[in-house]
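Order as written gives the chain letters A, B and C; numbering starts at 1 within each chain.
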Amino acid sequence: MSEKYVGRPVDRLDGRAKTTGQARFAAEHPYPDLAHAALVHATIPRGRITAIDTEAARAVKGVIDVLTHENAPAMKPPPAQSLLNPSTLFIGTSVNYLATDEVHWNGQPVAVVVAESPEAARHAAGLVRPTYEELPAVVDFAAEEPNATPQKGSAIMPAAADKGNAEAALAAAAVSVDLRFTTPPHNHNAIEPHATTAVWDGDRLTVHESTQGITWLRSHLAHRFGVPQGNIRVLSPFVGGGFGGKGSVWAGTLLAVLAARATERPVRLALTRAGVYHTVGGRTPSTQRVALGAESDGKLIALIHTSVSRTGRVGGMPEQVTTVSRHLYDSPNIRLRQSLVRLDLLSNTAMRAPGESIGTFALESAVDELAWELGMDPIELRMRNEPARNPMDGKRFAHRMLREAYEVGAERFGWRERDPRPGSMRDGRWLVGMGVAAAYHPAFQLPANVTVRLGADGGVVVRCGLHEIGVGAATAQAQIAADELGVPLESVRVEIGDSELPEGPMAGGSGQTASVAASVVEACRKLRRSALDLARKSPDSPLRGVTAPQARDGGLYQGSRGETYAEILTRAGRDHLEAAAGMGMLRFLAKSVRERRRWVKAASGAQFCEVRVDRDTGEVRVSRWVGVFDVGRVINAKTVASQLRGGIVMGIGLALSEETLVDHRTGRIVNASLAEYHVPVQADIPRIDVHCLDEPDPTMPLGLIGVGEVGITGVGAAVANAVRHATGKRVQDLPITLDKLLPL
Amino acid sequence: MTQIRMRVNGVVESLDIEPWVSLLDALRDHLGLTGPKKGCDQGACGACTVLADGVRINACLALAMQYADKEITTIEGIAKDGEGTHPMQEAFVRHDGLQCGYCTSGQICSAVAMLAEHAAGMPSSVTAHQGGTHLTDDEIRERMSGNLCRCGAYNGILDAIRDVAAQEAS
Amino acid sequence: MRPFAYVKPLDLAEAVEAVGPGTKFLGGGTNLVDLMREGIEHPETVIDLTGLPLDEVDELPGGGLRIGALVRNSALAADRRIRAAYPVLSQAILAGASPQLRNMATVGGNLLQRTRCRYFYDQAYACNKREPGAGCDALGGFTRGHAVLGVSESCIAAHPSDMCVALAALDATVEVRSIRGTRRIPLADFHLLPGDTPEVETALAADELVTAVELPPAPVAANSRYRKVRDRASYAFALVSVAAALEVRDGAVTAARLALGGVATRPWRAHEAERILVGGPATEEAFGRAAEAELAPAVTRPGNAFKVELARATIVATLRELA
């Protein structure tokens, strides 16, 4: 009997490559004659370049060229955006770099220096002197937020919703809270800065890139540089962290390719850390209002959730900040609104659970505050309002296990030990608090094309242009293929990260593993059928007459009858069998829309947090964490737990320390550095107990729901609620820094 | 251009470099050792951590010239005698102390040197305030806080280090 | 960074003779290399000191310790004599940066560390320290990391060092050398207030090299402590830090040392607070009064006004632990 691999804590297959330094990232591919590029960033928020002095830069020894809007070869402008062609939605910004004298944000690249060494390129970039005519710019989100206009909705992302009359119900409620929250901008801060190595050979282009979207990057480059997609190869086998920041096409990538074309040299452009802040969008800030009205028994009768977020005038993605309020709590009256301001700043972009990460902070803080008002345990309040069907529209949940998540979580965490009185729990100088919040993230899929090849030597090769951004993507697919074909894991190789492979989905929306799994399962089924057909053609095969064999022990067996794939193929004189699976984008979108009419699908969970607050200084430390998740079937217990923990870690950053500081006068990011933008360090993170309920979602491939984003949702609120419990103070503005708690 | 010699992972290398080349760029661009990573180039992330005469440093803030005639160890040479794998590398895989892998080289080099520092009696902020010499979880966390991991593999990293520390103790 | 010449003198005499216009001494490089790469420092010649024999901690004849300027931060923090007699110094160093950086950074370099004010670092902003007379964009900007004591209209940049805060409390002396000879500068006079010349940060003359730091005997320091408050648990600059030493007899304070970091434009010796503490009762109320007196001259802005209350609370908490 073959062992099943799905569900087991298998070590990630690329672990050795990554722990020995052998894994090569985008900036680590040597080419003879390689040149190095560096960007020059605008220092004004909006205006025109009236002159650009490159003389001093050109005089630097080793400088090959300085590209500006005055001399750069033309790129085509970005394509018009269309929902029917999702690649057009991930264009970063609408700016046609170096084809215009216009400056649209503070930090926009206005020149590229190409040199023989990275040191010379960077030094010379500092010597390029643009002169500007400044134009009025609007950059202050807090000041502009009152002027927000309603966000445009789409079929995929509706921006507003009404059920009943929420304002009237709120006014009439026995108990209510009406709170305003703010969340700051964030940056992804993947430890690998974005990097591109671009090599032209005539009109053929090879790009080593750190990207979450190989296929869409290739089509974008084809469009911008006017060459057929087939002429472009994008290679991205290892991505040093993405979190959404490497999903779109940003300036560095385009300018590396442009510089390579202009100089006729292979060009490497590795962004500086500040360069990442200045050219790659981050998470939008938000202001949110959450108002809840309840009967005195805790039954919700009004739920209002509104948001204002921002995009850049040159692009960006409106976020579904209030989406969670469609799904989490039963209420006869619900009002949801999302509004936008457009500023003279770099586009915002998706960052781990866009919308839900900050939306859950506001909603779940308000629910906690309502529990205080009611004098009710916050889990009890949630259970009283746990819906049987989707609250907004009565659709069925494909899968919903929040009750179980709270039950299991409360037990593992020791919620019963909690003395509900604020400030009542102490440990020496520390005020101790416990908080809880729901995690919620919609399940999502994209089409994925794969081929699976079964060799006469027993080896299996799965090929798909998917992305390894740290999730153990290839490992999960290897486990699935091994089980589907009944072969040892060691015999499966997964080829990824190359646009020559069958088109994979982008690594986004927590959808990659489920999307690819669907196709791997289908391709493997086809292979089993082909193998069986092949075997049954031979009178010598023990499978002759067998109709439904099992895949196990490296072949097909029914009871004791059967043989290995190697035997089947060898007898038939075949070197290998191959099967493909997948579907086009339009057919896939049609299928998705049909499914969305029937089901609400999501990953969810319960986040339990214990904090310690220094009673003198207000320093907050997270001391314990339990997260219980419903993510359907777990494919790899080890990597799934890691990804969920990773989301929680980033959520702790969101809760306590992360904030991109945008100067309100200039729109320039002030803390564009890992020293001043505080991502959590090892000492900030306690033991994180992650538990998955591990029950398959019947509507998802293999029953699995993606885990990339749900982990961060609810974290901000769980921390805020624990701080409220420890100190009696409700902090409504992230991050929860000590100045917002003092004096205690 | 100046010629310097440096022993890198046990091999004496000769380098023709300008004084403004960092040790990190010398390793990555001149010697092709891309294990040490460039996450910030300003001493704020630890991805470039290598050992100089056994001591962990941030190679991004080191001028290569300053390390002439020193013994540099990178992730590529961290295994004993440069062959096979170091127990720390294996423990990182076993405990899933990594995700994307970009900070991993620095984490492992840092962890190896950290255990040596602790064994040599070097204090940390935790030691200084709490006393004692036992390598507690809090000690490891503080001593490893110079290595950022944005994927959030901190628990796995901690477990890997504890595992190796226990192996070394027994 | 701008191309430069690199020299590595073989002895101290050669090092001080190498000084000239456009030269810069290099220790561990953790600050200078960063500033050079950012284009803020652009020496023509870098004089690498790391081969010089200035890396010992020696006992002084009359008690006290002499710390060579090239002693690495980690080595100093681990020194048993420091840990026993001046725990506040060991703790301060260990609270700073990361282990890797402490392994590189030298005592002399730490003394000369420049501010982390982002408006100083980013050349898109006006900065009087970087470009005298240019103006100060920090004044109307994000000031969470900025000073409230010792500020001027020209500059509110906080001094970033932890080590120097402890040295200030310990009455350290800086030994400097040039071809003109050797002199000693009390630490209290070493770092300058910004006034209207924030570009002049220390009393060091252009040709002078820091060779050592001397710690006089300080029995009070045996009971001392460094407390650093920051935005994450480790690897961050101080919002507020407190170096304190206290001697209490029969409920009364008989000796006190107090210095502050994160709140001032230079390592801030809290003389006024010490004056109030000594002879008074070792009570929270008395500690609070002393802290308030020290902080009374604070000049705050919306972004850093919280530091006054935070500093008060941190001073009281630190003294409470020592009492």
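As a working rule, a residue touches a chain if its C-beta (ideal position, glycine included) is under 8 Å from a C-beta of that chain, and two chains touch if they have at least 3 such contacts.
A quick note: this is a predicted structure, and the numbers were derived from the prediction, not measured.
**Student:** So how do the chains connect up here, line, ring, star, complete, or something else (other)?
**Tutor:** If you draw each chain as a dot and join those that touch, every dot ends up joined to every other.
**Student:** I'd like the most central chain, judged by C-alpha centroids against the all-protein C-alpha centroid.
**Tutor:** Closest chain centre to the overall C-alpha centroid: A.
**Student:** Could you please state the distance in Å, as a whole number, between where the Cα atoms of chain B are centred and where those of chain C are centred?
**Tutor:** Computed from C-alpha means, the inter-chain centre distance equals 28 Å.
**Student:** Could you put a whole-Å number on the gap between the CA centroids of chain A and chain C?
**Tutor:** Once rounded, the distance between the two centres reads 41 Å.
**Student:** In chain A, what residues contact two or more other chains?
**Tutor:** Answer for chain A, listing residues that touch two or more other chains: 119, 673, 675, 680-683.
**Student:** Which chain B residues sit where two or more other chains touch them?
**Tutor:** Within chain B, the residues that touch at least two other chains are 18, 20, 41-43, 141-142, 145-147.
**Student:** Which chain C residues sit where two or more other chains touch them?
**Tutor:** In chain C, 1-3, 37, 233-235 touch at least two other chains.
**Student:** Which bits of chain B are touching chain A when the two form their complex?
**Tutor:** My answer: residues 18, 20-21, 25, 28-29, 32-45, 47, 74-76, 85, 89-90, 92-94, 96, 98-105, 108, 137-138, 140-142, 144-158.
**Student:** Which part of chain A faces chain B closely enough to touch in the complex?
**Tutor:** Answer in residue numbers: 11-12, 14-25, 27-28, 30, 117-119, 188-193, 238-243, 270, 272-273, 468-472, 638-639, 641-643, 645-650, 673-675, 679-683, 685, 687-688.
**Student:** Under the definition above, what is the set of chain C residues touching chain A in their complex?
**Tutor:** 1-3, 37, 39, 116, 118-119, 121-125, 137, 140-142, 144-145, 229, 231-237, 239-240, 306, 309-310, 313-314, 316-317
**Student:** Sort out for me which residues of chain A touch chain C in the complex.
**Tutor:** Within the complex, chain A touches chain C at residues 41, 43, 61, 106, 119, 122-123, 126, 274, 429, 616-619, 621, 656-657, 661, 663, 665-666, 668, 670-673, 675-676, 678, 680-684, 737-739, 742-743.
**Student:** Quick check: in the complex, which residue numbers of chain B touch chain C?
**Tutor:** Chain B residues touching chain C: 2, 18-20, 22, 41-43, 46, 49, 55-58, 61-63, 65-66, 110, 114, 117, 121-125, 127-129, 141-143, 145-147.
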